[in-house]
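Naming follows writing order (A, B and C), and every chain is counted from residue 1.
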Amino acid sequence: MSLLKTKNFISAHDVTDINALVAKALDYKANPFKDKTLGTGKRIGCLFLNPSMRTRLSTQIAAQNLGMEPIVFNVGSEGWKLEFEEEAIMSGSTSEHVKDAAPIMGQYFDILAIRTFPSLANKEDDYSELYVNQFIKYSGIPVLSLETATLHPLQSLTDVITIKETFKEKRKPKVVLTWAPHVKPLPQCVANSFSQWMNAWGEVDFVVTHPEDYELDPAFTGNATILHNQDEALKDADYVYVKNWSTYTDYAKIYNNDPSWMLTLDKLKHTNNARVMHCLPVRRNVELSDEVLDSPHSIVTREAGNRVWAAQAVLSELLGQLNS
Amino acid sequence: MSLLKTKNFISAHDVTDINALVAKALDYKANPFKDKTLGTGKRIGCLFLNPSMRTRLSTQIAAQNLGMEPIVFNVGSEGWKLEFEEEAIMSGSTSEHVKDAAPIMGQYFDILAIRTFPSLANKEDDYSELYVNQFIKYSGIPVLSLETATLHPLQSLTDVITIKETFKEKRKPKVVLTWAPHVKPLPQCVANSFSQWMNAWGEVDFVVTHPEDYELDPAFTGNATILHNQDEALKDADYVYVKNWSTYTDYAKIYNNDPSWMLTLDKLKHTNNARVMHCLPVRRNVELSDEVLDSPHSIVTREAGNRVWAAQAVLSELLGQLNS
Amino acid sequence: MSLLKTKNFISAHDVTDINALVAKALDYKANPFKDKTLGTGKRIGCLFLNPSMRTRLSTQIAAQNLGMEPIVFNVGSEGWKLEFEEEAIMSGSTSEHVKDAAPIMGQYFDILAIRTFPSLANKEDDYSELYVNQFIKYSGIPVLSLETATLHPLQSLTDVITIKETFKEKRKPKVVLTWAPHVKPLPQCVANSFSQWMNAWGEVDFVVTHPEDYELDPAFTGNATILHNQDEALKDADYVYVKNWSTYTDYAKIYNNDPSWMLTLDKLKHTNNARVMHCLPVRRNVELSDEVLDSPHSIVTREAGNRVWAAQAVLSELLGQLNS
């Protein structure tokens, strides 16, 4: 039975059973080539409208592990700028409309994987997921998100896998998502997505902490405990997920970039010997101190490694739908 | 028996029997993997001196369908600028001469596929096909054009395939190539190439229409009917091929960019319910109106999809020559 | 028995028996697919912090010949700028520290191939091979140099192969490395590396010639005869290896760019009908005259072609270590 409710993988809501998907991923981690012919003759097009390292490499590897042919295309540098606005008079800098490009991807590929960042200029467009929804609407084939304007589901699935894999006690772990300083305005998508998946998974006590003015969209944080006092939030934490984001309400601003929010070993003292997570890339000594990243608290390398198995589990489900 | 006269594929004149090549392409469309081991152990190097989306993806897919290993190399962004002028003193911005680069491609690959746009600065260089001819001369291996200064043969073969596939009547279809407005000076190659193939194929009534001053090189348009009145040209058309190009005579200028040449539904009324084609990317509401592209008249997605089968048929012929 | 002393391939000192490695490469040249399943299920990540043509293509082809999956990643254009300095406060232009990126490469790949040029700004960093050593330290997997700050071992192994393959007499050939003019300051790495390999191989009479002020690091030139008179150096040469480099002592400057150091046919008259080599890309009529490159003296195409077999021999050894 399919672990996906839809033919796409964009958010936690596309998954019927998160624990089963995690188990599938860990199964692939133990035996990467167990389904090495599942994707024979199937192609995945990986379109990057924005740069990527871990996401690109892990998706490419996951596809190859399943016997698929991944084709990577960097839209910006190898092709040209796409237009997303309906009825646009294309006399400006965009050379091709998604309405024309997406159906062709649907002719060339069996699955379309896309990374497309938010504009950070138009909140309505970003939060309506205009770009990826246009690809879904016009490509006619299953679409796998490699990070979109508001969500990063393969990262979040990876995060669930990593918590599941490392937490061995019988109780619910306390998981704290903490805002961290940065040098430029970043999307909210990793924070939104992590919140969405923690809530959908439901097997953790979930706390979000950030300075005032950095409230996330409640559609994602849901019933999480939200605190503006980082020390209070970190108390007894089993996992600390560190991430910067720019403001959501007054969109995409940096209001306060208080360096005291950088996670240090000292702050970890009040946790339950917490494991520290980050989606990477991380600005050392801005978001997280060297002493934390280089300590046994950090599980960021394991976390990044797990990206392969998250992608492989999801691709396997998408292939299963194609083959059925 | 080979369907190619030479070991290269650069123009319609390299083909012995266009209908047989079209039949071969449609055969691959029906059964993409029928020759999946034909290219085993053979490598195609795909060198892009200019950006590409459809051409790159369709060639890569066609090669994989035949069991070849395609290697894509973006000369500009991944490597360095090539020199093409004989006896150049290379103290400027070019880092490597085609005389040195091409023979090495000949060592590394079995087939060399190249995209190289015209300069739009030097008409003589462009129309002598300096760049691709240097690659042919110095690489020593079969060269497949992925669009050159004056021609785009895989696009044009695709166009023949698409007309053949969609026209079911016993008579010759009327095919009209119409100039369209654009925002910058474009090459003449798609228009040249389409004209050359329509003439070489010979199974259509072929009309070219454009504003005065946009005459194409008669070497390509041949005996086509040429009209400066678009409405007159479109009358009873079965196919309308829309494309902008810059001036040929006074080279690479935009003389007149009359927006009334944009193809609209209203203009299609006088056609024979014409199918509309375009090589893409298309500037919506500049070259072609949304209402046309989003109507059943448009077959641009089918056309772009057929790029795979055109490439696969030609690669199959080139492989056949290598293996014989 | 392994032909490598370590699990990495960075310099001539990593090789136990250069002649055996050369023989292995020539064996692959005669039969490219003889070990076509040796690398099944193994992945090589090819990270380019700098542009590459021959090195990238030859490594990719060599890996495929051995049945490996090569994944190419252009760090600069596809990803983001890496930080290499320990304890950096990353509030500037670098987005990710090698301490975080390298271990992830170690999770994704079985072998990591890296190209990383010198800064030409900080001699100490460059000559300590800071960048590649950080990748070795933090990735935890075998590292294959695709050219580093001070060395280019796959090029130099190729050069030994090419001399061995073309010199049929019973005596030692005289090999002259000559400086040539250029238009910008280049690394010393090809010259360093060629010197190191000629010395380590030991089967040639090795002479280095350059204008005063262009002394190379004696750690690489060793006991080579060093002459400032090019004509004297070229006398009776069997091989002339042409290469520009910037100054080493007063680091990375162009002191004198005397065009009379360009190699011409006239200068070759006093050689023993010498074969001329160059790693490419070459600035024609700046480093080497057209008349030399287009004459039978030149073996640069053969040399570049041999890059595949050098890479294949080394990858085969690295795979042998992984499998043992």
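Here, a residue touches a chain if its C-beta (ideal position, glycine included) is under 8 Å from a C-beta of that chain, and two chains touch if they have at least 3 such contacts.
Everything numeric here is computed off the predicted structure, so don't read it as measured data.
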(Q) As a multiple of 5 degrees, what angle does the CA superposition of subunit A onto its copy subunit C give? (A) 120
(Q) Looking only at residue numbers at the subunit B/subunit C interface, is the share used by both copies over half or under half? Answer same or different. (A) different
(Q) Just the number, please: Cα centre separation of subunit B and subunit C in whole Å. (A) 39
Q: Two or more other chains in contact with one residue: find those residues in subunit C.
A: 77
Q: Using the touch definition up top, name the residues of subunit C that touch subunit B in the complex.
A: 33, 48, 51-54, 56-58, 60-61, 64, 74, 77, 183, 280-286, 290, 293-294, 300-301, 304-305, 308
Q.
Touching residues of subunit B toward subunit C in the complex: what are they?
A. 41, 43, 45, 69, 71, 73, 75, 77-80, 83, 87-92, 95-97, 99-101, 103-104, 107-108
